[in-house]
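Common to both upcoming complexes is chain A, partnered first by chain B, then by chain C.
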Partner chain A sequence: MVARLEIRDLTVRSESRQQPVLRGVSFSVEPGQILGLVGESGSGKTITGLAVMGMLPSGFEITGGHVSVLGREIASAGRPSARKAADATMVFQNPLGALNPTMRIGKQLIRVLRRNRGLAKHDAHDAALELLQRVGISGAERVLASYPHQLSGGMTQRVMIAVALACDSAVIIADEPTTALDVTVQAQIFDLVTRVVAENGCSVVLVTHDLPAVAQLCDRVAVLYAGQLMEIGDAHAVLEQPQHPYTRFLLDSVTKAGDPNVVDLGPDWSLTGCRYAHRCPLVHDACLSVPDAVPVGPRGHVVSCVLAEARVV
Partner chain B sequence: MSVTIRDRIRPGHRVGTMALIGLVIIALLLLLAMIGGMVLPDPLRTHAGSAMQPPSADHWLGTDRYGRDVLSRTVAAVRVDLFIGVVVALLSMTVGSLIGLLAGYVGGVVDEAITRCVDVLMAFPSFVLAIILVAVLGDSVPNVLIAVTIGFLPYFVRLTRVEVLRERELDYVTAARVVGNGRARIALRHLMPNVVGPSLVQATLVSGWAILNASGLAFLGIGIRPPTPEWGVMVAEGANDIITGQWWTSMVPGAMILVAVMAFHLVGDDLRGKQW
Partner chain C sequence: MTLIEVRQAHKTYRHHGHDVLAVRGVDLTIEPGETLALVGESGCGKSTLGRLLAGTSRATSGDVLLDGRDLYSQCASDRTARRRVQMVFQHPLQSLNPRFSVESTLREPLRLQRGLSPQARTERLRETMGLVGLDAEYLRRRPTELSGGQQQRVALARALMSDPELIVLDEPTSSLDQSVRRRTVALLRQVQERTGVAYLFITHDLATVPQIAHRVAVMYLGRIVEEATPERLFAQPAHPYTRALIAAAPTMTVGRREWEVIRGETPSASDLPRGCAFRDRCPMAIARCAEEAPLLSEELPGHRVECHRAWETPSSSDRPEVMYS
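On to the complex of A and B.
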């Protein structure tokens, strides 16, 4: 089976840091699957999403690897992005900021529908209404006539999801879609994402800090640290039997919030070997070289750690 | 935390007292121009017998050295001068904003080239620049409009460029690209409406300056020529009469320049004080 989204050895360099901010990241997402991409702030989660979109900020460039959707390459080193709206779209962290403040919701949504589905104006209007109802907005007609600032945060995020759906993309990257929302709304948005995936069979990459949400929603989990993929596997396998020292640390930090023993050192970007080496309790000489991805369990459970190679974890 | 849209668009924002005064003055001027054309004597008709008469019941603001009615000339000039002000403001805003949008959004060499050109333009006072341009382009009313417009372009280019640089980093611009909009469309349909606010404010101020510059040029004998009723022309014609005590031929149009420029600036100043 062709994976919907396939990322192979993706490496992204930052001009200002002179370091790869993503180093050989590989993962794939099957149709109808949700992959949770977790890791602390600055670990490269958003950069991964933007690299797929072909929208890396200036100063960042892909220097290795490639991204493909449905077997078609859309991003690779030194080539302009070949992504189309039908390949992949993104839902942003701050929904209010992601809508044009001077344009009514209807105009923004209808425009996307007309462009990507080639609908006539009237049909696009009906399609927009139907989409808004699908994402759980009541009074869709009123919302179409509203400006973004007239809607609540949860409402605007629903609209953004509707915009993403309007593109009929194979892949949707949701970059912390609930961070700017309050808790009850978060749950609703997560429900909506699950429902959308079930209905459309698209692939979703859910970038998030919310580990409980990952446990609930995601089929698979990928753990990033300092631009290096630490561990990837089925959600329950990774969360219940983490194989990588960093994954364990990350999971422990949830329960140990406020514990003075948990010190935040922050990543050391200059490390040429394993980027977690300076914080790892199990660090050892072999950690000076870049660890290979080692299969440690069934169904693509992979860990990048020299200890896993030696089967001592 | 970044500035949210709620902070930027204030529902029911109030127009200040000063701006209101400015608007009322502009409205009165327009009204005067409309009524004046119908009831006042022909501003071009000379009458040698009644030259240089002081204000009287027949000629409320006196007559000039050719016996033309100063009131009707001053009122007729409203049309000419406000037209210049508005046309120059609209032209320089439209052209300047588009150039600024190009510079800010395309960036790189294009931005560098445009910014340097603007720097060169800004090195000259707009009035001096207008004189040079008219000398080069040729002395005619359209050329004066173009010359004055070019003098004000740099303000709009810079203003829009900076706004675009700030605005283009916002999520909605990225989001617009994500869903498949082209660059030209993003620039014109998404960025332009969001960066045009400050330029509109600048345009009201420029309307005032444009009147000042155009009548200044006319005073120097460039562009608009006698006998066209225009304030700068009238001030120039009447300047010598002040010495001999006939103040009305130049003071009245002079005062009108003051009032009109002030009215536009009152509006512009008030708008500038608002958050955009």
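On to the complex of A and C.
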């Protein structure tokens, strides 16, 4: 089976840092799968999503590896993005920032539909109505005639998902799509995402720092720290039998009380070996070198840690 | 003796020609050294209520009393009263002066306290830094040179410099990473144990409530709809909205689940439905809910609920698409 989204050894550098902000990140997402890409702020989650989209901010560039969708390369080092709307779309944390504030929802949606599906104006209008109904918007005609600022946060996020569907994209990158929403509305959006994936068979990358959401929404989990992929595997494996010390730390921070006397350390970008070494309780000399990704369990459960290497050998 | 007493407080704003009923008849009390968590979704009026309790905004009608006297007029007329209630905000970087070092930030509130010797001021600074777990090396840094967790420690330290009796914490951990959030909550508890300060802890994150609160009040569209200890509220939520909030929040039980617990979004506070404000979204609404607004009643000691059908379990005649955990 060809993976919908495949990322191989993706390395991204920024002008402001000596060390890469993404270092050799690899993962793939199959059709109909939701992968949770988790990590703390500044871990490179959003940069990964933007690299897939060919939307890296200025000063950032891909220096190694490649991204492909359905076997077709859409991004790699030194080449401009070859992404089409049908390959991947992105749903952002702040949907108002992603929609044109001066244009009615209907016009924006119809433009996307005409461009991507080659529909006539009248047919595009009907298709837009149908899409809005599919994402659970009841007063679809009224929403088509509205400007983005006239809609609630949950409603705008539904519209963004409708835009992604209008593109018939194989991959949807959802970057913290519910962080700005209320918990009851978040539940409604998660319900919608689950439904869309089941109906369309698209692949979703959910970028988030919310582990409980990942536990109950995602099939697979990838854990990122300071641009290094620490652990990846099925949600059950990673969240119930975590193998990487950092994954265990993340899980403990959800389930255990914190120690008020520990002051938080941010990532240390000067580290040339394991990026987590300066915080790791199990650190030793071998951590000075970059750890390899080691299979530790069935269905692609892989860990980047010298301790995992030692156990296998 | 009760520290803060709120009686039938209302706060109405005028916005684009409409009256926005942000707070609609709230009763609550906070005892010295206690933490009351105020939980609700955006637009429910929790920050407005927080500002009434911080003395920075005056109730349109009703009373907000500190030691039995009107809080707002005390704060307006008397600097020492203002010292007694302090506030910490969600975004520390926006609430700290970017041009002030940590030391200047923390010394600023001392200007309101007369009769302190320079030595006493420095001693106070040292003590407070210790209380929030910051080394003296941070004194010369500016806010942008600190991590989010450290910034929030500075914001808390600034509030503590006035030796307050109540701190209103408005979403103090919402912008922090999970691990930092836990540590900050633990720090807040440690500070409370050492100083005896009371907190109004405003949050939309139910998960942090049991770690810090002695009591929790759930707010919906300007009214408190349920109040209890966290243990009781999570074990036996009596209001349909509280149940929906608890059921909607993801947990660490791995595996796909049903998500949609209630429909729709919070209506606008300038255009409230008649009767119970929750009835349009409520899975258990009956005809009576449209005619008559329920009132907060205390059927069990310490557990107040405002619902015609409080304590009832949803039956098959209630909306079928709605699930409870």
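Assume the second predicted complex is superposed on the first by the 304 of 313 C-alpha atoms of A that agree within 3 Å, B and C clash if a C-alpha of one lies under 4 Å from a C-alpha of the other, contacts with A are read in each partner's own complex, and residues count from 1 in each chain.
Going forward, a contact is a pair of C-beta atoms (placed from the backbone, for glycine too) under 8 Å apart; a residue touches a chain by one contact, two chains touch by 3 or more.
Since the model is a prediction, treat every value here as computed from it, not as a measurement.
In the superposition on chain A, A:101 makes contact with chain B only, while chain C stays out of contact range. In the superposition on chain A, contact is made by A:154 with chain C only, not with chain B. Contact with chain C, but none with chain B, is seen for A:41 once the two complexes are overlaid on the shared chain.
Contacts of A:85 after superposition: chain B is touched, whereas chain C is not reached.
Measured by the number of chain A residues touched, the leading partner among chain B and chain C is C.
Of the two partner chains placed by superposition, only chain C is touched by A:209; chain B is not. When the two complexes are overlaid on their common chain A, residue A:282 makes contact with neither chain B nor chain C. Touch criterion met: A:217 reaches chain C, while chain B stays clear of it.
Of all the residues in chain A, the ones that touch chain C in their complex are 40-41, 152-155, 182-188, 190-191, 194, 209-213, 215-217, 235-236, 239-240, 249-264, 266. Residues of chain B that touch chain A in their complex: 2, 4-6, 8-9, 170-172, 174-181, 189-190, 193-194.
Taken together, the chain A residues at the contact with chain B in this complex read 53, 55, 84-85, 89-90, 92-94, 96-103, 111-112, 115-116, 148-149, 160, 163-164, 166-167.
By the touch rule above, chain C contacts chain A in their complex via residues 41-42, 133-134, 147-150, 177-187, 189-190, 204, 206-207, 211, 244-245, 247-263, 265-266.
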